[in-house]
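Following: one structure in structure tokens, then a few remarks.
Chain nomenclature is as follows: A, B and C, assigned in order of appearance, with residue numbering initiated at 1 for each chain independently.
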Amino acid sequence: MMSFIHKRIKQKIAFSFFGLVSLIVVGILFVILGFIIFRGISVINWGFLTQMPEEGMTKGGIFPAIVGTLCLIGGSMIFAFPIGVLSAIYLNEYLKETWLKKFMRSMTNNLAGIPSIVFGLFGMALFVNKLKFGDSILAGSLTLGLLALPVIIRTTEEALKSVPDHLRIGSYALGATKLQTIRRVVLPIAAPNIITGLILSISRVSGETAPILFTVAAYFLPKLPHSMFDQAMALPYHLYVLTTSGTNMEASRPMAYGTAFVLIMIVLIANLLANAFRRYFGKRNKMN
Amino acid sequence: MNRKRLKIFEKVFGVVLFSSSTVTSLTVLFIIVFLFNEGIGLFNSTPVEKKYQFIVSNNNTVKELSSKQLKDIFNYDITNWKQLGGSNDSILLFTINDLSTYFTDDELGANFEYLPSKINELIKKNPGILAYLSDKYVPEHLEGHVIPLTKISIKDFVTGTEWYPTSEPAPQFGVLPLILGTLWVSFGAILIALPLGLATAIFMAEVASQRLRNILKPVIELLAGIPSVVYGFFGLVVLVPLIQQLFNLPVGETALAGSIILGIMALPTIITVSEDALRTTPTSLKEASLALGATRWQTITRVTVPYARSGITAASILGIGRAVGETMAVLMVTGNAGVIPHTFLQPVRTIPATIAAELGESSYGGLHFKALFALGILLFLITLIINTSVELIKSRKRS
Amino acid sequence: MTTTETINTPHVSHMHKVETFKAEAKGVNLYYKDFHALKDISLPIKTNQVTALIGPSGCGKSTFLRLFNRMNDLIDGVKITGEVMLEEQNIYRKGIVVDELRKSVGMVFQKPNPFPKSIYENVAYGLRVNGYDHKDSIDEIVERSLKQAALWDEVKDKLKKSAYELSGGQQQRLCIARALAIEPSLILMDEPASALDPLSTAKIEDLIYELKNKYTIIIVTHNMQQAGRVSDYTAFFYLGELIEYDKTKTMFINPQNIKTQNYITGRFG
């Protein structure tokens, strides 16, 4: 009898402990988010978002960094999104279970596991030096794009897999070709999840620092880029610079908080958006 | 007609699809090629800039000098040729700056026209001399000989205990402290993240209600989405001062700070992967256990977790991988001292942080630059091993 | 309790009119969220008898079976009203300890589901989780249970081998041995032979016939012949309702309800 009570008490203790740990994990998130939002929000105003940095980055705004990051997002996605989606379609809809598929899949997995600093090295060696793009938005975008590629491929593949096979077969039965089936049946159903993947990879790309260190990022450049061969500032690198190597680190603290706040907001909004998207379309698809 | 056009279009589309997938696959190969292309040159090259020479007396029997030995000589840790396997002569270090201690301006001539002969004289007179000279000062009819320097080998690179890539005259490219620093910090991170992550995964997979899970899931995703600079920033302004105060340290930038931040960053990976693994445990096994009177907790420890063991292993390895490759956060909070770590309260420097911190300062194509790419290769190989072992574990599980 | 000699066959036991109920459902309703899966079911489970639950797929047999060890509790959104008695106690009353209840009710599942452990550890599992850790007595119980499950002779030399090295039929008997080890007073079997070949099925059926001496058994089956062979009583479920309950012989020869008749004769289901 003792042991019965004993094992139940054990379970109570274990479950409470695990609940507590989960609470701690949630707590960690809220502490980090809360801290940055709390410190950052007072810095944020229209001027901060739209002005050039001044006086050794202790005054003014972060406008060029925002523009730079937007350019990088745009540049990397123009390149990575189509290639990623097409690759996923090829992997999931065209390839049979052959060595080629295994090889491509394992390469994609490997690519996803490569540290971002290695992407930075590669980008520098290939785009900046070999192809002579120099430190430029183009080189940075391509580097970031490669980094986002496996993310997009993976989410797209999942989206495609969630389309039930009987719909494809039904379409073939009506005489549709493979391409028609993909375009009219598969993609429309998979689209919301593919877009979710796009949003999440944008969020990822906007926060990456290591890949842009040597491919695009400018320490301080109080003007906007004019072409894709220009250097640019970027939010994550700006935050890094402000916290570790500014001329007057104490004085640029508020700016750092503001920059961190903007970064966090991008991630937060992207995640909320992705979740809302998933939920909304998930429901709609179920109803059809 | 229309049908035919459609056919052609299908073909073209197929080619486009194939090329896209190829880009992805080739990228990995390209990365390997380029890293090697830039980094491999480090090996088998002389550790000193080309235009300088080391000259010894003709009687000197020492065959060659390594970069490490040079450094020790310049630091006066080695003072006699005997220590290097030569004759019993104390080492007389001579650089161009020492000129005035040996010769007056008159002796050298107004335009240094007597310099070569004077240097020859000096070399002849001092059997223990080691002259470090720029090419242009080396006499034409040298009375001594140039001592060759040991080429940098992969073994020295991996086992060398000192990383002073810019030190003069002999840079040190030993990455052992960086490897150990990386492992040290990652190990600490996994020590923190594994229990927390596993407990959370078990809670989410086995204990929490559906509704609670729906709250936890986005939280974990968000944790994974926060950029690493933001983690680094948070670590720097909150954690580092905290550690400094708590342990009463001169600086708070320590391995501990790195491990904590990396631990938090590895949490989402560990939680998601092990939760997925826990979910693969068949319901029928769990039900069988419960039907025998086991509590849910007993079922978890005796059935669910053992069943998911390989998945949990994969999760920990992936977590380590995440920690090993992480750059910015570590760079910002670990203090970046390139010494072999002994405690968690010391500053350490990791491989990625080293690359990030130094590549900007290294000159393109120089030894330092190459060494950083060699570090990149090392990092790539480590993550390759990690990924491959995860795939192996997964495929073994499937069979 | 009945004495053993009176129940050599179901026939005899009935003649003696043994009316102690091992278990009983009293006006049970069960809902999966909004779905009404069991509708006002009242059914006695007679001691040391085999009660078969039959009916078309999805009619609620498994759901009803799982009432008796409260396995339905594990599913989110399940709501249960009414009473389920086991040994005169309502097992859904407040304060009941579910894992203790489950210890006194054994369950055998449709597909053999041994743990990925050794044969020995599979049988010992129930003992260990319930706090027995006396090595000698565990050895004894493992042997006894395997003998009861008619498996001992086949496995006695490889007790330390993985249970997955056994054939499907052997695995299922191992699962029965596993359930027997904790000496349940009621055994629930959910289509225990449906995943097995005819020979293994016959073995399981023989086994059920043996076990009846000591245990009360409820068995879900889709196989009418099987129900006829092994059970003393049969309950026919249809769309969550209990349509008919009677002695198996009676029901199979002379079903009262047209639905029962159609089902038994294979006209639907």
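Here are some notes:
Note that in this section a contact is a pair of C-beta atoms (placed from the backbone, for glycine too) under 8 Å apart; a residue touches a chain by one contact, two chains touch by 3 or more.
Because the structure is predicted, anything quoted here is derived from the model rather than measured.
Contacts between chains leave no pair untouched here, as each chain touches all the others. Counting contacting C-beta pairs between every two chains, the top pair is A-B. Relative to the centroid of every protein C-alpha atom shown, the closest chain centre, again from C-alpha atoms, is found for A. The chain with its C-alpha centre at the largest distance from the centre of chain A is C. Computed from the mean C-alpha positions, the centre of chain B lies at a distance of 61 Å from the centre of chain C. In whole angstrom, the spacing between the mean C-alpha positions of chain A and chain C is 53. Taking each chain's centre as the average of its CA atoms, chain A and chain B sit 25 Å apart. Residue positions 295, 298 of chain B are each in touch with at least two other chains.
Residue positions 99-100, 129-130 of chain C each touch two or more of the other chains.
The set of chain A residues that touch two or more partner chains comprises 7-8. Of all residues in chain C, those touching chain B in their complex are 69, 71, 74, 76, 99-100, 102-107, 109, 111, 113-116, 125-126, 128-130, 175, 178-179, 182.
Residues 209-210, 282, 284-285, 287-295, 298, 302-303, 306-307 of chain B are the ones that touch chain C when the two sit in their complex. For chain A in complex with chain C, the residues that touch the partner chain are 2-4, 6-8. Residues 6, 9-10, 13-14, 16-18, 20-21, 23-25, 27-28, 30-31, 34-35, 37-38, 195-196, 199-200, 202-204, 207-208, 216, 218-223, 225-234, 236-238, 264, 267, 271, 295-298, 300, 318, 321, 324-328, 331-332, 352, 355-356, 359-360, 364, 372-373, 376, 379-380, 383-384, 386-387, 391 of chain B are the ones touching chain A in the complex.
Taken in their complex, chain C has these residues touching chain A: 97, 99-100, 129-131.
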